[in-house]
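Going in written order, the chains are labelled A, B, C, D and E, and every chain counts its residues from 1.
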């Protein structure tokens, strides 16, 4: 418990981070940076869980465990995504998301 | 009480003959089919005579009134609790009289046709149609209720259609048949509407109930319903519309002259003697209602009749096709009958017009059938319809000539031939009712005499035209009917009609009114005289007259352009301005709307394709904005 | 401390998504993750902080950097983002952020009355292996399947070559 | 682990076992001969599907994280049937040269996603739910990118994984708010304390979008078409049927059990989105030429119809949703089966290529027609019954406007389904698909589909069974 | 198995049998046999029905069988017939039997053709025997869908377009019906209790007025689309023009009757209050249909278009009569359905036969056929006369019953509209005679047509059956009318109980 810092601050921090991630996801052209934006998003969510757990429900550890598993999932997600990105690079010779649009309409 | 149940055979027999000839006719020898048809009709004729005899002379009258006898009646179709269409046989003076007329003329025509139609393709078909017509006409005549009458009315119409179009490969015949059917059909629509209105107000179709003096039609007439006329009046006017169509009254007369495209026996039977008087018969049948409950409608009858008779007589003076002259003459004579009904009152001597009308109907049937059959014999001999191509035929066709002359004299109203008597009664009735109409009829009488003798002189006298091969008298099968009908024309005037057929079925005394009769005879003779001067020899008077009254002549010759008006209405208005636009509207607007919906969907589908751009980040953008929008919507706006 | 971490997090987050050099982006991301673990320390979740540092900062970011090295030039600079795209995205992000923050501030959080549980490794271990209420053995098992599957998936997708080198004809014409 | 636990969890356990068996078999198999592995997998999966029907007790395991109930069991069984069909259908595809080195991986990934779905369906806790969801998504992305030598496949993979990451991020954010306001992840505990404050609704909506993404609800559907088109056909089938079906199942469970308090909110949301979904899906489907893409949009609009069952929040609704998914599995897999068979034989995937198919391959065309009619809801095939019950469920709550919009939408969908029927039956082609004969597996699978399409509708006991296991808000 | 279910089972068995037959000739024979049995069965049913009534059975529906199907939405497979359904079934059997013979020479995909045709018939039979709205609707859609293939594969002209349009419009109609049915279902127990799809059960309650106002138009328009209600009739010209002979016969002859029958059985019978209140709108629409269709037919050049528009007119009359909501008009509506079914089937059969010989349907490309092919021509004339309402043929009976019935309405508006509708008899005459004159009469215009052959035996079978039925009804309508009338009693009682007029 950090004295003087209400839980809302954490939440605002996480929210800003979250939407920074969203912004990144929507604007970065490089597939890998998009992936990084996703990591930002997941990270911000983790902050939320942790802060809630600590501030509001400190007698249980659900938030913390959730964060733990989110990290694990994020790792596997990143692994697969990077594998696919590498494949994309082989096929398209670029990892610019705007060029990966053979299928549309 | 005499059992009249055998009269059912009068209906059944021609129908059976029709079925036999219609279904198996092409397998029979033509002669055999002709024989079957004629024999069948012979039997019916006999039965009709028997009926007439029994009805008029052997059955009991109650209080001197001829009873209406239902010889047979069966429900054909139940419509509502009260309304049901029956098929039955009603015997009363006029129906029995009509039975005689129809069967007689029909029988004559059958015999005549065996000769006339000899060797024609479709001989058996012809007799089948004749049987069908006889069946329909007889059914119409003996109808016990107005709907039965309508049924047979339609059947008569279709038989007429079939017979006019008998020479179906001839375009003019096809056109004529079509025209006849459609014009009468239009009139029949009026009839049907009349029936609907009448039955709605009276809850019955039955003639006996309808015409009963205590019946709903007469007692519950009610006040003015629409445009100052009562419901019953309207219904009777509509019903009369059917009669106008069938009887070729103005303005529905245009089909009749064209109908002459049919074989001549058909013209004689249908378009002269029997079917065309159905309208008269209809009015007579409903007469009590007209006379008591709907006098306005009766006036319509009178004026329409008078006008038609005048119009037709004028046109007849200018036509050169002999059958057309006869057709207009028919129209004119029927106008007479209508007028007679129109000026008649109900009951006793007031009903003189009624009686006269029926009387004239009877005599007219005889002499007009005779005229047509005579014309048939002439055409048969000359192979032309136009009197300009005839002349001096009296020595080639003696029998025809004699009978034709008798007929002409009869129609001209020369005593003591039958036409004189019946016409005289009509004039008398008109005189007592309406002087104007009386005057018109006098004029028509003169015109009639004139054009008939114009015809007669042009055909049988005048200069002899050069014929390709010498005309010769028709075979016996054709001349015998001529002779029989001539006898009928001569003597039928002596039948005491006023004791048999009257408006209230109660006999009354009638006598010749000399004040009317003598001038009418004189006018007739005058007409003959003028015709004699103009057409006995080859003169230039007709041509000069025609040039003097150029426009009137032209108008009359062209039948006052009524045909053209109709043509305009049908061709332009119905086809061009109603149907074509409707068809266009349907294809382009109604269907177009449906297609438009489909097209809009397609277009919309095309327009929104850019949302599926293949750009992952745009997808993400939509995703995120969607989520945010939903959140705003449901967290704040629409909670 | 909180202010420091939060400023770092926010600044580096924004830098991550705006910098035009890819490797710098990765570095900024690393910094964000590290500062986050600092936050976890502050919150007294040492275990999580450690996990964050090792797994996240250590594992994932390294993975990312590897892939960057595989697919890009280090010095590669991005073309600037299209204006329309960035404005709209920013608009969406800002709207979302404002919405969330307003909503969060609107809500009255009520702290639990129960006593806080001291989070030590033993407790974590026990919870992780417990089959009782608030035990996490099942997710633990399942996540192992996930990791296995992800591994296989990554290998199968990224693996080069194979028996047939022939490119299958591309039938699809969108 | 007691026998009862085993019985309750047998789907997941058996699948895990199968996964391991295949893995082991892979180790011992000859690299060039994958036939035995295919047979082994099919047999294994057949057995699992059959075992799934053994009745089992209801109950909660792991302190309520794992919930077993009749309806969830049934959902799993339904998915099993679908997966069995997919596996049967993909045998031909797997035998193609370029896939022969990935046979066992294919099965492993497929089965692992199924395990994820099963856990997701059985979850009583959002952590289980989340992990299940991810387990059901991540390997699919790899599967979508399975055809490594096709650009489209790779594109499909990256699109799927990135957008799903975004979606799960948003979902998690929503979940964090739900957690923050309720203090728990257990379904039943959340349901007890949930209210309709703005933050909770915000959290719910974010959670909702994550689910909507899985079910491809407009406007969260945009990935669908591209991924469906790019992925190998059997994966597309899997995505459109199994993955979507699982998401629908858990979604309805979550909505009905966790969020009954805010039923008004999600009713409105689903009302709105279902109209959007079916309309947009239909509008896009009209113009498609590629059959996979076409079926993608068709499946989007199907999702819109399915939402009709949600909207009432009633027992009939839930029953009809489950029932419809079952019907949809047979119908859509029937259609995909034909597309896959034709594609394997000729490489043709466009609607034009199907011109005159009836004259060369009448049976396939008939199956396709049946499947499409079932999708369109034409009697007497099962789709008709399914749609009817969905509409009935919505009408029961008085949503007649929605029903009318939906039935009008079925007209549009009938139009494009008929386009394919038209191509197969009415049109003629210079170069039709050659006459061919598929393998026993494919024919068996298609036979099952046809049987399903025909029988499911008439078998009222089936619907009754589902209905008795369903519940309302 | 009860006799009614047999009507569905026999076609299904026939289809199965066809599937197992190899030879094209045998396909025809099997179809003809199956449908012959069906025809006999229909005759048996008529006989059974009449004798049951005579024996004093006075329930509304006879031979009722009810099997619970889906327990919860309370869906039953319930069948039962009254006089109306019986005659409709008889009509279907006759037209179908004739249709089989009319399509004797289908060469292309013969097996599939007969399967689709009989499948369609299955739907129609099922529809007429159902008294449960669910099964009724099921069969209804079942009947509509095979049309797509039948027109699309075996049709002519812009067949794909027509088939699509027809199917979509009809399914659009059925979409509305579906919504209407659900509405009825959920209002079938306004005072609590088990909701039901059973028509007889629903008829016992009064559906709340607010619901009726919504669902009556839905149901009526929905069925009206199939009954060619203006302005939803445009599928009819295109569809008929493109359809093969037997399909046109069956479609115009039978399928369009589903619309009228449904509008009457479902819309009017179950929701008479709203019907009475809203009928004026539809009366105007249907009266427009009647006149408009007839006018539309006048200027058409394609025989099938003429007949399609004529069908719009005649079927409009059916709906018109139904809306009049009195016993006589309803009676007329049913007779008109049968009559139109028979004669329009006859028309389409003849047109098909003409087309088979001359390879054109444009009337101005033909002429004077009477001389060449007298049998067909005479039959055409008879069909035409039936269509224009000649006494002695069925059209007259139907039209007169309708007109008289409609005119008995106490409301002036209804009577005036009736007069408008009456005018159609003239317009009908115009277009019928126009066709007859151009097509059959006059000299033969095309020398290629001078050596056409007249009807073959199977064509004669087809035509004679239909003409026989048309004439039979026309000559002796009493038994038919009274059979229908008896069955209408309970319906009319329900309708009149609420009728403000």
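Here, a residue touches a chain if its C-beta (ideal position, glycine included) is under 8 Å from a C-beta of that chain, and two chains touch if they have at least 3 such contacts.
Since the structure is predicted, the reported quantities are computational estimates derived from the model, not experimental observations.
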{"item": "Given subunit B and subunit E, the chains that contact each of them", "value": "D"}
{"item": "Subunit D reached from subunit A - shortest hop count over touching chains", "value": "1"}
{"item": "Identifier of the chain whose CA centre is least distant from the whole-structure CA centre", "value": "E"}
{"item": "Top chain pair, ranked by how many C-beta pairs fall in contact", "value": "A-C"}
{"item": "Farthest chain relative to subunit A (centres taken as mean CA coordinates)", "value": "B"}
{"item": "Chain whose mean Cα position lies farthest from subunit D", "value": "B"}
{"item": "Separation of subunit C from subunit D, taking each centre as the mean of its C-alpha atoms, in whole Å", "value": "29"}
{"item": "Euclidean distance of C-alpha centroids - subunit A vs subunit E, Å", "value": "65"}
{"item": "CA centroid of subunit A to CA centroid of subunit B, Å", "value": "96"}
{"item": "Gap in Å, rounded to a whole number, between the CA centres of subunit E and subunit D", "value": "42"}
{"item": "Touching two or more other chains - residue numbers and ranges from subunit C", "value": "85, 89, 92-93, 96, 99-100, 103-104, 109, 112, 134, 136, 139, 143, 146, 149-150, 153-154, 157, 172, 174"}
{"item": "Overlap residues in subunit E, where contacts from two or more other chains coincide", "value": "168"}
{"item": "Residues within subunit D bordering two or more other chains", "value": "127, 131, 134, 138-139, 141-142, 145, 148-152, 157-159, 162, 166, 170, 177, 180, 183, 198, 202, 225-226, 229-230, 287, 293, 415"}
{"item": "Pairwise chain contacts, counting only pairs that touch as defined", "value": "A-B, A-C, A-D, B-C, B-D, B-E, C-D, D-E"}
{"item": "In the complex with subunit A, residue positions of subunit B that touch it", "value": "609-610, 612-617, 620-621, 624"}
{"item": "In the complex with subunit E, residue positions of subunit B that touch it", "value": "75-80, 83, 85, 147, 150-152, 154-155, 158, 165, 168-171, 174-175, 177-178, 181-182, 185-186, 188-189, 192-193, 196-197, 199-200, 574-575, 578-580, 582-583, 586, 590-591, 593-594, 598"}
{"item": "In the complex, subunit D residues that touch subunit E", "value": "316, 319, 373, 378-380, 384, 388-389, 391-392, 395-396, 398, 400, 403-404, 407-408, 410-411, 414-415, 418, 421-422, 425-427, 460, 463-464, 467"}
{"item": "For the subunit D and subunit C complex, residues of the former touching the latter", "value": "16, 19, 32, 61-66, 97-98, 100-102, 105, 108-109, 112-113, 115-116, 119, 127-128, 131-132, 134-135, 138-139, 141-143, 145-152, 157, 177, 180-181, 183, 197-199, 202, 229-230, 289-290, 292-293, 343, 347-350"}
{"item": "Subunit C residues touching subunit B - in the complex, by the definition given at the top", "value": "85, 88-89, 92-93, 95-96, 99, 103, 174"}
